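Chain naming follows the written order as A, B, C and D, and within any one chain the residues start at number 1.
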Amino acid sequence: MDKERLKNQYEVFKKKAYIIIYGTNTPLGKLFDIILLQLIIISVLMVMLETVEGVNQRIHGLLVFMEWVITIFFTMEYILRIITNRHPYRYIFSLYGIIDLIALLPMYLSFITPSTKAISVVRALRLLRVFRILDLVSFMNQGKELKNALYNSRNKIIIFTYFVLVICVLLGSVMYVVESSESGFTSIPRSIYWCIVTMTTVGYGDIAPQTALGQIISAFIMILGYGIIAVPTGIVTAEYTRMKTQRRICRHCNYQNQPESRYCSQCGNELKEPITNASEK
Amino acid sequence: MDKERLKNQYEVFKKKAYIIIYGTNTPLGKLFDIILLQLIIISVLMVMLETVEGVNQRIHGLLVFMEWVITIFFTMEYILRIITNRHPYRYIFSLYGIIDLIALLPMYLSFITPSTKAISVVRALRLLRVFRILDLVSFMNQGKELKNALYNSRNKIIIFTYFVLVICVLLGSVMYVVESSESGFTSIPRSIYWCIVTMTTVGYGDIAPQTALGQIISAFIMILGYGIIAVPTGIVTAEYTRMKTQRRICRHCNYQNQPESRYCSQCGNELKEPITNASEK
Amino acid sequence: MDKERLKNQYEVFKKKAYIIIYGTNTPLGKLFDIILLQLIIISVLMVMLETVEGVNQRIHGLLVFMEWVITIFFTMEYILRIITNRHPYRYIFSLYGIIDLIALLPMYLSFITPSTKAISVVRALRLLRVFRILDLVSFMNQGKELKNALYNSRNKIIIFTYFVLVICVLLGSVMYVVESSESGFTSIPRSIYWCIVTMTTVGYGDIAPQTALGQIISAFIMILGYGIIAVPTGIVTAEYTRMKTQRRICRHCNYQNQPESRYCSQCGNELKEPITNASEK
Amino acid sequence: MDKERLKNQYEVFKKKAYIIIYGTNTPLGKLFDIILLQLIIISVLMVMLETVEGVNQRIHGLLVFMEWVITIFFTMEYILRIITNRHPYRYIFSLYGIIDLIALLPMYLSFITPSTKAISVVRALRLLRVFRILDLVSFMNQGKELKNALYNSRNKIIIFTYFVLVICVLLGSVMYVVESSESGFTSIPRSIYWCIVTMTTVGYGDIAPQTALGQIISAFIMILGYGIIAVPTGIVTAEYTRMKTQRRICRHCNYQNQPESRYCSQCGNELKEPITNASEK
């Protein structure tokens, strides 16, 4: 009898916890998300501070203590997420599940191996969770439009990137031949690196051409890079503008007509429907 | 009798002064604004010159004298603005009122504490007043459109900025692990700073990757940053283009006419409807 | 008798020379323009080469000789332009007339004062003539569209530039307070210069923030500058796109209707005119 | 009898080889293209690695061996392309034919002259073949649109580039006069190089202005360069957007329907007209 009641209570607890942890509509669910978000940001800040010489020496103890507190909280959250979920494996092997696990490991691994510097970075991955939390709250449509515009123009962007890379390989190789290694062009990969630095208008200046011919080629690369910024901008803008255009949907064939249409351009039916945004459908 | 006349004259003076100081339509009001603008620019230039070693030594006396002249003028202007205004508190606690007060304080505080270097900077804030003066003269509509375009796309720009920052935190952390501290990557915050410098294509070169892997990741960051410039541009352009497409909807055939139309371009009916934003419908 | 014939011949020569020098339709006129263009480019290249240490030492004599040849040619051209023109003063006081004269002076002035380094630069101004030659040949329409798009958006670009400058003054002043003079922030004007270098994503690296707070503010400035590139792009693109839209011109009131209009939106008249490009009218 | 059969078999082999080498629709043709692509990338990587000091010393033998293997493969491919093609001269003198030949030469030339560093770079040219392979597979339409947009706006881009160059010559000359040679402005060509570096927002920092006037002019150049990025972007975006607006014109009411329309959206008439570019009409 007692056992069954306990089990029942456990079931109720699981449901409630599920709503709080996974849900975002209830006040508690929202609160949980906000606390989680802040803890993630704090934990990332702490990892950062630990690498700053002066800060680490002064408050090393505090940082270690705080990290353990947050790690334990995240561990509990991870266990709860698995327990309360009806399909725990779906969570465990989801992108966020894997990130959550990876973000926990470095602290526990620090028992075994002292230097986890390389792995502690992965905690920053949890910042990506913010996108999910934000997604669910209010920015959803905004992000969707952007994502779609980028998704629709992915092929063009890939071609463009490849094109830029090939040009960088070609011109980087030319610069390797033109410039001596005194200017920093010690190998072709390094020259290509310089060419990317130049074409993207970053321009560190750690490697810079010294010969007249090298500077002429550089000037050419710069103007080229300066000009072809226009290309991805044009692609994304055109895609994004197109997606925002309004439509008049036909009642008969559901075709999205232009807003100024009076007859459906697919079935010839007279349109009397209101005008809607293309992105809403 | 005399007292009343004096009071009357004072009232008249207050009204006239109000029109000159706050108004912009009368010739005197315009003149006042222009003189104020020039004095603001002069006072900012003087603060600048005072920090230049050579100039300050040569004309230190002149600069101090001029600053006092301008400070007294601004103080008088501030007092007049309060006296002549029917709702003085509304001005005092408005944005411009607070800026005006803050801009006055440094000079008076210099009696008490000699070093006001840190505070003298606030005078530059008065430059913002120029926007208000310009707003009222002629550029109003132009500025409005820009403001609206930026305002409408604020959510997308916030998401975008956040996205860029998260990427910088992730890639900055990766670079901290990849690069040794000899190249300047001494801590994660510094690596993130480098990553922002690189992704925004600024590229100071005070920190620059030295290892092969670091340079490959850098090249990736640069091309990424180069490409995603397209995103905010696309957003603002699309918003700005969309805002330019206001419509006037015909009562008879529901056709969306151009805002300057007087007759419906589809049924020839006379338009009497107000102009609406294409996006509102 | 002889005198009159000579005068007649001189008049004929003047007319022919005028057509060749000022005209661009005849084969000789075109040839003259092309030769002139090439001589301008050669003369500019020579001025450049003269400042290069090694080159000047080797071929100093040749450069001086060539410069005199070109200067004499340009002097003759200048005199012919004045003689053959019916309204010589109109040419002399036109922009190109003044540039032509200024471009001649340095060489003659070199008799009196040996160092004309500062003035020899003005010869480069003649390069602007190329725009006029090109304008008249074939690129005319292309240039016009660009000019119009820029002209229409001039107010917005002025506001934008002013806005950027005010932000640079404010943030430059803040950085002067935050950073010590060891990092290169020796005065406010220099800090403003650094801020412009950063916000425009140029990033020389001769001045770079060293403190943590300075780097955070820098990161903010960079992202700000990175983002607001979108603004001028959006303005010009929107203006340029708008200018390209097609129109249907009403026979009765000459109003430019939208291409899909069937009735003129200004006078209600039925449209039967073909669709034309907005820029053509 | 035997000879004829051999000849027949040879003909069949030629046809099959032709389909594999030149074709892209058959599985073998695709496989061939992919292998070729990978070998090109490997050969380019090897040329790169050879120039890296450390790597070359360790695996010099392997690199030389691999290069010979790949060179022999490419030689065989080149010979097969000539043999199997019905119009071998068309291939030999095509762009790709010349590139293929040039890419082979450096290795064979290394027998005669030991240092082929300068020529080995040309192998990178083969990377351009990737565009052809990609073109034929799936990205064709994407690339075409981009190409057309760039092709249509070539005149404007040429004018723009020329304009930028003239400004750089003028302002570079001014900076040469303003700045002393201690700051790096040793000659006009070098100053022009600096001006291009600055205007394109690359900003190496190897040459940087030191005087107050020089920094003011630099700030002006930066803001100018920052602003006129908008121009090529505007051009390409407008061209690209315009190209996406194809129309189908109704025979009855001359209305410009969307290209996917089957019935006129203004009069309900069935459309049988071909699709035309909006710009053609």
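Structural remarks
Note that in this section a residue touches a chain if its C-beta (ideal position, glycine included) is under 8 Å from a C-beta of that chain, and two chains touch if they have at least 3 such contacts.
Keep in mind it's a predicted model, so treat the numbers as computed, not measured.
Look at the contact of subunit C with subunit D and you find different residues on each copy: under half of the numbers used there are shared. Its interface matching that of A-B in over half of the contact pairs by residue number, A-D stands out among A-D, A-C or B-D.
Ranked by distance of CA centroids from subunit C, the top chain is A. Between the Cα centres of subunit C and subunit D there is a gap of 30 Å.
One finds 42 Å separating the Cα centroids of subunit A and subunit C. Rounded to whole angstrom units, the spacing between the C-alpha centres of subunit B and subunit D is 42. Among the residues of subunit D, those in touch with two or more other chains are 160, 189, 192, 201-205, 225, 229, 233, 235, 237, 241, 266. Residue ranges of subunit A in contact with subunit B, taken from their complex: 44, 47-49, 51-53, 117-118, 121, 124-125, 127-128, 130-131, 134, 139, 142-143, 145-146, 149-150, 157, 160-161, 164-165, 189-190, 192-193, 196-197, 199-206, 229, 232-233, 235-237, 239-241, 244, 246, 259-260, 262, 274-275, 277. On the side of subunit A, the complex with subunit D involves touching residues 155-156, 158-160, 162-163, 166, 169-170, 173-174, 176-177, 186-189, 192, 198, 201-205, 208, 212, 215-216, 218-219, 222-223, 225-227, 229-231, 233-235, 237-238, 241-242, 257-258, 260-268, 270. The touching residues of subunit B, when paired with subunit D in their complex, are 201-205, 233, 237, 266.
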